[in-house]
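Heads up, the next two complexes both have chain A, just with different partners, chain B and then chain C.
Showing the complex of A and B:
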């Protein structure tokens, strides 16, 4: 049996988990290809115009997988291990997916306010008719694989931080940072301009005792990525950073709120900051102009 | 005499500035791009050449810099030594005339931008993101609709004693709001003045949002010619706005100054002869992958000189000389 995974949106949050999990259970995994024009056009055509660009891209990936596999995996992400909520658009993904494609949707609700992720994973495995032993092994394998990747990522980060080039931190959701079609190769453009870009989600945060919001000036965020981004920005300021660029998906309501806090942090530190909104109409020329001008402001 | 040429090719207008070693402007030209940047560059260069000839100036071009949204294309067809973004060139150009400038508002045909400077260096900037509301082409369209010559638009706005309130969030609503106000019987000058105020407000609320606007404030670009817009910004900011001489060509001037300060050993400038050459751009969809990039190919007298527009670099990185032989 083949399980399809759309290579968009929530996929980028756990790139080394799901494939390992399903393979360990004995399934074949089919990914949609990296985002390309055809996929974007498919998604944009069917998506509600009011939805964010990242979601439109996700629909394109889902349509690409339709008919090519036995099940498409679309988890319902509600709250993470810190009991912080995901974007409300994630809540509805499996419901909308069921309307959109003919291939059956495999889903499970991940809400760690109610139950631990491992328990949810067991439920998911049971849906696929696997026994407890097989599921436990798959869970261990998946977490191990993810941890291995995190260690590699850490090493890569510390290598990059040693670079003599001016370092610029790119701030966004993983699905904007890693999807080079969506971000119009921002990272590559910055490299060509002679800088060393760093991705905010790759910044390792040391494990620490939980800080109560009133004890610090870090605000208490409702959304998981809000907290993650603000925390990692505090961490990245410990290094010698020349500038910060925040990339936002057009129509992302959450980004509109977080941007204000991110910008404030950079202003406090007097580090140049650039805000870019991307959608399916964004011209590469306009982005290039902004990046070039931004590099010129770093002194 | 050693001179440096700056060319700023924008969506609506194309600007040329020729300077000497002391940054003195020997010749400047502002002309419409008329949807054909190649022709605009060729004809502009011809005018530069004619001026040099008619004034019997002994000119040795030491370097060429291009800027503006078509800077890459202009750079390829002229053989520019420097291709620089318009934020940096405007900052550079303005600082020569107003060294203590802290804020630059530049509104062109389709772009609008704000640049914040400290000690002659741009430290922050913003450009209009997705919407072109309030830029020159919108004012042009409205002037045309109201049958007012664009040159008279500003004066008419100034004659208003009671500007009417025009919603300015989006040009589509802005236009319907104006039509509605006309139908209500408002005077045309009050509507035009209201439009200027609305556009200035919109610029400050969107493009300039959150920017630290300090005086001296300099207003540049085609729209800065409009006295109605100048007054609207002065009213909205409650500050004096400076519109310097050469307000529409400071991007080209900045490009010339930048190349003068970092001159090449030998310029790559292809010479004024390119005005008479056959320069063509064609495009094709690459079928190499599902991205189907639109690749642009520039030819001078039939010979491919550059390709761009591909995401992967397959075409732009291609050795041009080799491909000509195929």
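Showing the complex of A and C:
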């Protein structure tokens, strides 16, 4: 049996987890290809015109998978292990996916306010007719694989930190940072301009202290990514950062909120800050000009 | 601290009730300005570009009151759980600060105890005074909603066009002036009497249209270009469930949410924040009741409503009920809305005739 995973949006939240989980259970995993123009166009055509660009891309990937596999995996992510919520648009993904494609959707609700993730994974495995022993093994494998990847990421980050080039931090959601078609190769462009881009979600956060930071003007987000971004920005300021670029997809409601506070932090530290909104009409030339102008302001 | 002069977030006709609530606890109140194109433009200029429309409108409403000397803003937030409404207070405070207004911002989280202690701290009103103010607030609120409902019934049936709207205008003006509870029942009797005097054609069978969607845009007629009135004047009986009391009931009795969830399970298995779930529920409800059309109102880019819109469209395709979705923001022009409503009215009338035969 082949399980399809759209390589967009929520896939990037846990890149090495799901593949390993399903493979260990003995399924074949089919990924949709790297985002390309065809996929984006497919998604844009079918999606609601006011939904965010990232979701439109996700629908494109979903449609590509339609008919090519037996099940498509679309989890319903609601709350993470810190009991913080995901974007409300994720809550309805499986329901909307059911409307769009004919292939059956494999889904499970991940709400850690109600039950632990391992329990949910067991439920998911039971849906696929596997016994508990196989499921337990798959869970350990998947978590191990994820942990390994995190270690690699950490090493990569410290290697980047050592570089002599001016460092620029890219702030966004993982699905904008890693999808090179969506972010129009911003990272590559910055490298070519002689800077060292750092991705915000690769910044290691020290083990949490129970005491809350004294700066009470920092807002307490109920979104996991909001809290993560604000926390990691505080962390990245400890390194020598030349500038910050926030990438946001058009009509992302959550970014409308987060951007205000991110910008505030950068202004407080007097570090140059650039805000880029991307959608299916964004041209590469326009982005290049803006990046070049931004780099000029750094010197 | 200097003496607080209070303004608050305006919300359609409910502004009247809110004003009497705050005045009742002994605060000096400057009501927010009525929404018009000028306040919307001012709010949109100040607010973050990507933010949702109601916040831009409320900022625009504060500004004239602030210029008149208000120094405290009451803002209810954290109403809808997962959506951006949670951050209205924080963002508005920041925006006003960036524009040079040092305002004391009072965020009322909707837990009754916090509400009580916050109001007490600012107004220093006694418990009984507060209770009386709340009772008066609810009296006004219920009357407003009742009169709005009556107008929905009378408007398409009136013999002389425009009498209902004239009466409504008179009533809201009188209600705003009314600040003593003892005169309240007199006004209530008067307005009901006047309503009963309107000549209507009782035997008329009319097409029924429902308004669903985001609570602020549905209930505030200044934002939705008076959709309700326009449809009523075209001879449609307009229904809507989404009102402030509906929301308050849901806050007080949370099991209402579970009942709603049970009914919409085939379409949506989770909350999406805000009133997204309710929109699906209402649509199904109206389809069941043989309505002839559904108008979905939302602010441009509203996260919950945009998420459920494909589901609403699916229900529309399955049941064949005419469906119109209007997203509103500061750039929408009235002429465009009018054209779309006119076209929609034609479709509704066709649907109505086909059903009758």
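Here is the rule we use: the second predicted complex is superposed on the first by the 291 of 299 C-alpha atoms of A that agree within 3 Å, B and C clash if a C-alpha of one lies under 4 Å from a C-alpha of the other, contacts with A are read in each partner's own complex, and residues count from 1 in each chain.
Just so we're on the same page, contacts are C-beta pairs under 8 Å (C-beta built on N, C-alpha and C of every residue); 3 or more make two chains touch, one makes a residue touch a chain.
None of the values given here were measured: they were computed from a predicted structure.
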Could you say whether A:89 touches chain B, chain C, both of them, or neither, answering first, second, both or neither?
second
Considering only the touch criterion stated at the top, classify A:51 as touching first (chain B), second (chain C), both, or neither.
second
Under the stated touch criterion, which partner chain does A:37 make contact with: chain B (first), chain C (second), both, or neither?
first
Could you say whether A:296 touches chain B, chain C, both of them, or neither, answering first, second, both or neither?
first
Looking at A:173 after the superposition, I want to know if it touches chain B, chain C, both of them or none. Which is it: first, second, both, neither?
neither
Touching A:109 in the superposition: chain B (first), chain C (second), both, neither?
second
Note: overlapping chain A surface for chain B and chain C spans 277
Mind listing the chain A positions that touch chain C in their complex?
48, 50-51, 76, 78, 85, 87-89, 91-92, 94-96, 99, 109, 219, 222, 248, 251-257, 259-260, 264, 277
Interfacial residue positions of chain C with respect to chain A in the complex
48-52, 82-84, 86-87, 90-91, 94, 267-274, 276, 300-304, 306-311, 314, 327
Please output the residues of chain A touching chain B within their complex, sorted ascending.
33, 36-39, 181, 185, 250, 263, 272-273, 275-277, 279, 281-282, 285-286, 288-290, 292-294, 296-297, 299
In their shared complex, at which residues does chain B touch chain A?
69, 72, 84-88, 121-127, 129-130, 210, 289-292, 311
